[in-house]
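Structures follow.
Both complexes below contain subunit A, partnered by subunit B and then by subunit C.
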Partner chain A sequence: MSVLPPDHDEAAFAAYVADLRGVVGDDWVWSGDNDMFPYRDSFSPVWNTPEEIQASSAVAPADVDQVQEVVRVAGRHRVPLHPISTGKNFGYGGPSPNVPGSTVLDLKRLDRVIEVNEARNYCLVEPGVSYFDLYQHIQQRGLKVMIDCPDPGWGSPVGNALDRGVGYTMPHFRDHFGAHCGMEVVLPDGELMRTGMGAMPGSGSWQEYPYGFGPDPAGLFAQGNFGVVTKMGFRLMPQPDYYRTGLIRVPRRRDLIKLVQHANYLSDAGMVSEIRYASPLSPLQRQPEFAALVTKMGGPSDAEMDAAAAAAGLHSWAIDLQFLGPEAATAAQWEYAKDRILSDIPRAEALDGDHFALPATEEQLENRTQPYPTAIRRKGALGVPSLGIWEIVRDDGHVGFFPVLPRDGEAVFEMQRVLGDASREYPLPPYFSAITAPLFWHSFTFQMVFAPSVRHADPEHNAMVHRAMKHMVAVAAEHGWGDYRAAPIYQDDVSASYSFNNHQLRRFLEAMKDAVDPDGIIAPGRGGVWPRRFRDRSRT
Partner chain B sequence: MKWLYLALPLSALAVTASVAAQSQGSQAQRGQQLFTHFCAPCHGQGAGDDRSDMLPGTAALARRYQGAKPAALELRTDLPAPVLTLFVRRGVGPMPAFRPSELSDADVAAIAAYLAQPD
Partner chain C sequence: MTTRRDMLKWGAVLPALGTGWHGAFAAAPQGLDALVLDTRYPGALDLADASMPVWRFAGDVTPLWTGHLSARWKEPGHVLGGITGSDALFVLETLAEHRGRRVVSRLALDLPRVNGVQAYRWIIAPHHPSVTA
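Our next item is the complex of A and B:
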């Protein structure tokens, strides 16, 4: 079933496509079911249902001039564009748009690494540059900088950062939007804008001072729809000399409270890279009695959990610590972390882990020699792109809800219980249970994961997953826990949950959207922000 | 690793044949580069991440074929361009489709030419 852009008939669509071809040439415009198949979200729980949002067409310009011209053509024909960089946003909508019939503005051909500066530690890249590309560029030139790379490595610094993606290294690098510095944007009328110092002709500090002068609109382009980003700068970590790991584990369930406080200190003081939390009790889930205990409605008591841990001779919680820096500094930081935690939490234990000079050898990257069970993703931890993560993808993919919660042990217990209870009615793996560990992805907050799989041949399963997703978003919001990022089919639900003072934030953003893009040429609906033209039909 | 086409012409007759062979050879060579960049991170023969023995795509095919066919794509010669195109453009299971903006039809044909080379 071919889709047409909103308010278009076949003839109007043909005229529009002809104009697009006039800009980029015949080879770089696609339409029709067959050619548009790779622009569908194959991880969608509404796959092949009327709710699936499919684009009418795709266009791949070669440079910024062509991007501007495509935006102007779309403006004349009133067709929404959905910009993507590498288009690998699986789990959050893939390359699919918010409005049926949109044109995917595929920026893969803008693939230049414009600059990597190892003296001042930054890069400037175009949207089509993948993490693999950037890593290769740096390696081939022997540059002494380390990228922070999320999974999977075929994504892009620009696309990932614009959806506020996260990686695996030090706090100020793994929040990718937070680590960006300066962008160039094609606005909804086709004009070109640069943010920060990029707005000043002749400035040499575009990638060093993000703000320039006056209000900084950069935030509007992340999970937003105010423009098409054509260049973006990122801060890079100077290649550290040494990598060191260590594990700390604590015996009792409630030890998590203090453990989190210490971990917060170490992280916020800039002493550690990403901290991985885990429950050493996880393997016990294979025992039906234990599985029933940790998933029971209302949650188990602390005493029950401590008894189960003691009976199994296991600890309740563990943190994998990772240090990057000069060898002596990493050793001192690990000693400090051990002293600090072991002197405060009775019967806490510390285990020395792998440590070696960087860059790592192939063998070290394989992560086979850690002397304890470890939750570290070694390549990610060292900024090496990979697709190895795909081993966790089940069935035909998954969709993700990753609620943000306070970085506090009590909040962890509360989310385990509340979202655990809320999810039990769905026949899904126990994403929330009394042993669910928090994710420390973003630099200053925790998240948990709900990522049920989808199955193309099982619409009933997918419908259940779709119901569960909406239900979990709603229950979480009742407790002040919001999603950090969502597929287009959930963006309205998530945005609606950020509702302080009668949705004032959304009303403010929509007033701006109406002012700069009333026809909704750039990604209408993205981030839950709808322009006047679509507001009524989308929100009813 | 596939065997790379580098035959040298010895006679006038062989020159014509070798032009075709070289162009096939350079197509296969380009295919190898594309394979390394786009396919090998998931379908290569090396180890996976963090103590996994195989990369995810190779592991998935090992489960599917149970030894009936090689799990690593570079050990296969039964993936001509039309078959490969189907997998690349439609995806399969957890593998999403690839767009022509990232891998053109000519790129897919080059990868097929590389895979068609005897080991």
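Our next item is the complex of A and C:
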């Protein structure tokens, strides 16, 4: 189905497309069903339904000058642009926009690694640079820095950071937006702005001091629609000498409370990389009686869970610890972690894991040398891009709801119970049960995951998934748990849940949007922020 | 140089080859630059055409991408045929589209699914003028 931009007829659209071609050339503007297929969200639960939001066109400028001119053309024609970097945001909307008929501003041709500085540990890249590209650039030059990449690694550092994506290494690097330092932005009127020290002509510290002077607007461009980011700096970890792992497991259900507190200390003190939580009881889910216990309404009692663990001879919880640094330091940190936790939690156990000098061999990267079963994906843990995660994708992809919860064991138990009960009415796998472990992706908080699959050939299933997603967002919000990142079709639901003082945050952002982009040229609706032009029609 | 006529030719050839393993690419036209075989499917290990490079992998596209395709798909040309699971094909198709290439033909094969994944035979060819000229 062909789509036109808002308030456009065929003739007006043709004139607009002609103007875009005048900027970038005939070969770099696309429209029509065949050419626009790659810009659809192939993971959409509303695939091929009237709710699916499809773009009218796409344009791929070659450089920043062309980006500025495309923004000006779109402004003259009042066509919303939806900027993407590499467009791999699967599970969160892919390359699809918030407004039907938008033009996808595909920044894939801005693909320069401008600088990697191993003496000061940063990089400056354009949006079309993928994690694979950046990794290859570093490896080919033998630079002694480590990237932090998501899984899969085909996305871009800019795009991933701007959607507040995460990786799997040390806390101050795996929060990708938190690790950025300086950006260049094309504003809705086509002007070019640099943040932080980049605003000072001649400064040499753009990638070292993010704030500059005065208010820092950088946060407006993450999950935002105030401009098109054309360059972005990131802090990089110096290549560590050594990698070490260890497993600590605890016997009782409520041991999770203390275990989390110890893990928080180790992480916040900068001693460990990403901590992987797991329940050694997970394999028991194949037993119907145990599966019924952990998913029963209201949740099982602690005594029931402890009895089940004891009967199976298994521990209740485990944490995979990872250490990066000098060999002696990693050994000392592991010894410290063991002493700290085993001296405080009765019958806790520690298992020495794998350890080796970096860079890792292929066998070590494939994680075939770990002496116990582990949830660690070694490539991600060591900043090596991979596409192997695709093995977990089922059907035609999935949607994702990742509620943020306090980094606290009691909060874990509460989310297990509340969202477990809320999800039981849907015929889906048990994403929330009494053995669901928290994710420690972001540096200082937990998340859990609800990611039902979609099937292009099964609209009834997709409709059920769509209902379930909205229901889970609403129930979570009632308990103060909000999503961290959402596909366009859920961004209004999620945004509405951040409603303190009659949605004052959203009203503040929309007041700014009205001031700098009243026609909604840059991604109207992204992050739930609508300009006046679209506000009424989007919320009715 | 890859022409529109080439793409039509490659698009037409797969249905003529049937839906089984044997001879899957024996009749492939001249111009196919490499063949990708997914070793999760029985038969992938003994199927090969000596006239072109054969790259085998077990579902994870990473080594195929970093070792071969990332560099080759930056340059014009390069037509790739493959027999893979639908999951690997999705990854390759997404990577291909980013580099101005398209799946010009795909055919579900009459093979047992592996972990629920359907096997396909396909051809990816340059499409955008930046890689066809």
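Definition applied: the second predicted complex is superposed on the first by the 540 of 540 C-alpha atoms of A that agree within 3 Å, B and C clash if a C-alpha of one lies under 4 Å from a C-alpha of the other, contacts with A are read in each partner's own complex, and residues count from 1 in each chain.
Please note the rule applied: a contact is a pair of C-beta atoms (placed from the backbone, for glycine too) under 8 Å apart; a residue touches a chain by one contact, two chains touch by 3 or more.
Just so it is clear, the model here is predicted, and its values are computed rather than measured.
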**OP:** Check subunit A with both subunit B and subunit C modelled on it and let me know: fit or clash.
**Re:** clash
Subject >> Touch count on subunit A, higher of subunit B and subunit C >> reply: B
Original post:
Regarding the shared-chain residue A:I376, is it in contact with subunit B (first), subunit C (second), both, or neither?
Top reply: first
Original post:
Looking at the overlay, what does A:R368 touch: subunit B (first), subunit C (second), both, or neither?
Top reply: first
**OP:** With the two complexes superposed on chain A, say which partner A:N462 touches: subunit B (first), subunit C (second), both, or neither.
**Re:** neither
**OP:** State whether A:P95 touches subunit B only (first), subunit C only (second), both chains, or neither.
**Re:** first
**OP:** Please work out whether A:E391 is in contact with subunit B alone, subunit C alone, both, or neither, and reply first, second, both or neither.
**Re:** both
Subject >> Touching partner for A:S56 - first (subunit B), second (subunit C), both, neither >> reply: neither
Original post:
Given the touch rule stated above, what does A:P38 touch, subunit B (first), subunit C (second), both, or neither?
Top reply: both
Subject >> Intersection of subunit A interface sets (partners subunit B, subunit C) >> reply: 38, 42, 86-88, 108, 132, 154, 385-388, 390-391, 393-394
**OP:** Using the touch definition up top, name the residues of subunit C that touch subunit A in the complex.
**Re:** 59-62, 65-66, 70, 87-88, 90-91, 94-95, 97-98, 116, 128-130
Subject >> Of subunit A, residues touching subunit B in the complex >> reply: 28, 30, 35, 37-40, 42-43, 58, 60, 86-88, 90, 94-95, 106, 108-109, 132, 153-154, 366-368, 376-379, 385-391, 393-397
Original post:
Which part of subunit B faces subunit A closely enough to touch in the complex?
Top reply: 37, 41-42, 47-52, 55-57, 59, 89-91, 93-94, 96-102
Original post:
Which residues, counting only subunit A, touch subunit C once they are in their complex?
Top reply: 27, 38, 42, 86-88, 108, 132, 136, 152, 154, 385-388, 390-391, 393-394
